[in-house]
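Naming follows writing order (A, B, C and D), and every chain is counted from residue 1.
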Amino acid sequence: MKDTAVLLIDCPDRKGLVARVAGMLYEHGANILHADQHQDHDLGLFFMRVEWALKDAESKEGDAGNGSRFDLDGFKEAFAPLAAELDMRWRIESTHQKPRIALFCSQYLHCVADLLHRWQSRELYCDIPVIVSNHREVEKLAAYCGIAFEHVPVNAATRGETEERQTAILERHEVELVVLARYMQILSPAFVARYPAAIINVHHSFLPAFTGARPYHAAHARGVKLIGATSHYVTEVLDDGPIIEQDVARISHRDQVEDLVARGRDLERLVLSRAVRWHLDRRILCYGNKTVVFD
Amino acid sequence: MKDTAVLLIDCPDRKGLVARVAGMLYEHGANILHADQHQDHDLGLFFMRVEWALKDAESKEGDAGNGSRFDLDGFKEAFAPLAAELDMRWRIESTHQKPRIALFCSQYLHCVADLLHRWQSRELYCDIPVIVSNHREVEKLAAYCGIAFEHVPVNAATRGETEERQTAILERHEVELVVLARYMQILSPAFVARYPAAIINVHHSFLPAFTGARPYHAAHARGVKLIGATSHYVTEVLDDGPIIEQDVARISHRDQVEDLVARGRDLERLVLSRAVRWHLDRRILCYGNKTVVFD
Amino acid sequence: MKDTAVLLIDCPDRKGLVARVAGMLYEHGANILHADQHQDHDLGLFFMRVEWALKDAESKEGDAGNGSRFDLDGFKEAFAPLAAELDMRWRIESTHQKPRIALFCSQYLHCVADLLHRWQSRELYCDIPVIVSNHREVEKLAAYCGIAFEHVPVNAATRGETEERQTAILERHEVELVVLARYMQILSPAFVARYPAAIINVHHSFLPAFTGARPYHAAHARGVKLIGATSHYVTEVLDDGPIIEQDVARISHRDQVEDLVARGRDLERLVLSRAVRWHLDRRILCYGNKTVVFD
Amino acid sequence: MKDTAVLLIDCPDRKGLVARVAGMLYEHGANILHADQHQDHDLGLFFMRVEWALKDAESKEGDAGNGSRFDLDGFKEAFAPLAAELDMRWRIESTHQKPRIALFCSQYLHCVADLLHRWQSRELYCDIPVIVSNHREVEKLAAYCGIAFEHVPVNAATRGETEERQTAILERHEVELVVLARYMQILSPAFVARYPAAIINVHHSFLPAFTGARPYHAAHARGVKLIGATSHYVTEVLDDGPIIEQDVARISHRDQVEDLVARGRDLERLVLSRAVRWHLDRRILCYGNKTVVFD
């Protein structure tokens, strides 16, 4: 079980940032496990992720009192003025707390099934209170996993109503992250705006090639020698959000569209599951239309 | 030294094609080394490549006379009526004969230097009589390799003249294949039309993403997690010809445009050299806007 | 639903093999869908795989009688003397018939869960009548999939008895292929001998590196920069059978053993599922200690 | 042209290391460009690499005096006591200073030619004063590049003498790094001991598989589906030093040994050139028999 804190920072670059952040963590007795930073020299931006233990390894033998546990609230209080001075956007989270995820899917279940298996085997540290679909194929699987299933049919005429139902479901389940696991419907800008950098989609092409519908057909028609898949945060513009992960597989002239679809399923599973894991590990920072994904 | 013949076939699919081609080769005593075929079931097309030894391995001990050597001319004569009956586009070539290549480049030499090294070490079985460039950076390298260098400056106003000079050079050197090894100029449709499926270009992106100029800048701006390179035959439409080979490399948020450029050079070298080698090995068939690349 | 036949051949190489096989197929009216051959020039061996339609596409309109369906038994009868003359090992199978598979696993379920999902979504065309394990973790999943579960505990003292039970289970379920989906027990030579080229294992390293137990620990200790996984047919010698498929993933100094284990799970899933699919597609021929895997 | 300093640290892990190092750099006014650290939690070790500008970007307008330039000597002096207190192994280098490299090769030139091209195109920032070979194939290329060539024949009987000559050459040219670019001779432990973590070799297999001679033959015999190459620092034990980089390429049953050799050349070029570049960039730290390669 994880018992660490993660600090994520995004601010204008200037001298001494690492020194001041590391110094404050040191003063509060943090036992740093991982630290990583990145500078975008063109834009003059600085990004940092630090993870430290909340239970002090050096005081294992149960010496009672506050000494043995990092005082996270105290640190936040102390950090806020520094962050303000340095124009930081920042957040500190305890990894102990499981993020709550909703899975959206349609009739293809390979991504959902893959995420659920990873969740069951504790590769993904989160709660999955609900699965939402415009089809019923996933119902039995949801039941097997002990997850609520919500069937929300979609048709163009009633999109507004549909999204109201979806929003109500997400709120009822206190969902923090929506994962579109091959959910084949388009979300409205209003819906997307409610979940900034908190909706992850997988697109079955190597973006920005082959945006839109039927990318495997387009790839086959163009005669590419590699197919790809892309996981990204959803923004207002279709298939245009910040890319989190991409991968490709080699194909040949022998592969028909159905072969691309089959090969692609493995790519989709991998790039989506990596994106979700990295999000859960608080490793991703968005800026502009891009992501920093800390190692 | 190679001493084989290659037959390439492209025709409407129908029953018995393999049997009839293989049967005729057998009748003529061919010792088949490699055979591969492909069917495009959607379009009803059949493609075949057969390579066989011209010197019969079974008659090594120098028994004089025709028996010890495959009669290529006789086979061609016999094959022509069959090919006509079956609506084949076909060609038979002796691999003994070295194709003649011209390299075109601009100021970046990594692709040219790579191809030249492969040629010198006999990885590429061809003659390279001439290198053409609108810059002079390659001149010393051409001299070192003992290859004629032609400096043909380019400017928009005199494109016609330029291409006339280039065409004259190609004709004088009896060039069969033009390799654009990071040649940063656009060729006119008229020029391209003279060399159907005989101009190979390398584009520094994973086509069809990032066509046109400065693809690494575009890739950086879009925030992709993989960069690519593509080798393809040149057609009238820029960056749109049949793709021969593609490859990608993983990048991260740490990589600036200049890092992409550096990483990309290795990709460009690889995908271009593979395309040239496969072309020289007579492994590529074009159809529609796609390629069949036999193993 | 598939409705084709596959012919697999393995024999001494000689002139005319393709012509004679293709000729006989043509005479019997076969509509060839895929054909591939391979020659090992060093060993003088020839390998071939041909797949053809059993229902004739050209006689769709229901013209009754034998004409509309390939006479597979008649072809086998006609082919046998040719095969004998040419010293062939051969088999002809209808892809319509689903092979019967048993899955063996221990406490890690990622490979089993992956294979089961592929089976449920019809990516794997087979029957899976039984899952055998020395642990009980898979029991609930087997029930969900409607597959018989057999708990066969293993201990060194009673290996003979254990294998008798396992053999009885396999016979009762008429199993043709055993898939060791991270089954962490060693099978006896006697057991292996009953299933020649019909037991597929996944080893969690890039064989022949890191044979034996705890390969991720060994990889970490050696400081490799890539980890791998290997699927192979099981032979008497541990981790030494013919390799079917391998793949690798990049790691770095940051990755601890548990990270390698997590990354490796994805590799294991992929290389095992590919091996099983290729086996089911009758694409694999073994010779010596190697495999030919037709495209 | 680079004008930065790099600090590399390797010490027992303890709280506050980042804070103290970053704090001292801040006090001295360092403008940090890249910083990266790594902890080996099992061994309790801490590694850090910091790169900062020597010319202050904020004082471009030529304000004379020391203010505009980082005082590297002053920093070293101040840093030494801190390093001593914290048990650090450390070094600080100016990237402005080009390391001096000797290339060793035998008759195969693909790695040498590749490194030389990268050096000429300034991808590798170093001096290459001398090429040493036991063959003469590289002589013409060395002359073309304006590099001294030393022909040092090798035979078992006179190994000691040979290495004396080689050592004298290296000393005369003040060589800091020896790159074995497919140098097919074994170096004595005495020779190796003179250049700790300063001899880079490329081995043409995916180590630890296929150590020793003729790895492509061994890979072909084993029937692997991927071949690899490995660059590593040379230690006393053959093919056993700390691995810097590895890469693989997919092969198939079609590939004969000579195909593996050809495919492998590209891998060898890539993994060797990456290792040399990372070494030149002061990105590599060795510990135990492993490397940390900072991004």
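Things to note:
FYI, contacts are C-beta pairs under 8 Å (C-beta built on N, C-alpha and C of every residue); 3 or more make two chains touch, one makes a residue touch a chain.
Predicted model only: the values in this text are computed from it and were never measured.
Compared on C-beta pairs in contact, B-C and B-D come out with B-C as the pair having more. Taking the CA centroid of chain C as reference, the farthest chain centroid is that of D. If you average the Cα atoms of chain A and of chain B, the two centres end up 43 Å apart. Measuring from the averaged C-alpha position of chain B to that of chain D gives a distance of 36 Å.
Shown for chain C are the residues that touch two or more other chains, namely 41, 252, 254, 295. Residues 15-16, 18-20, 22-23, 25-26, 29-37, 39, 41, 250, 295 of chain D touch chain A in their complex. On chain C, the positions that touch chain D within their shared complex are 38, 41-42, 206-210, 222-226, 228, 242-248, 252-254, 256, 288-293. Chain B meets chain D in the complex at residues 109-110, 113-114, 117, 121, 123, 144, 252, 254, 262, 265-266, 270, 295.
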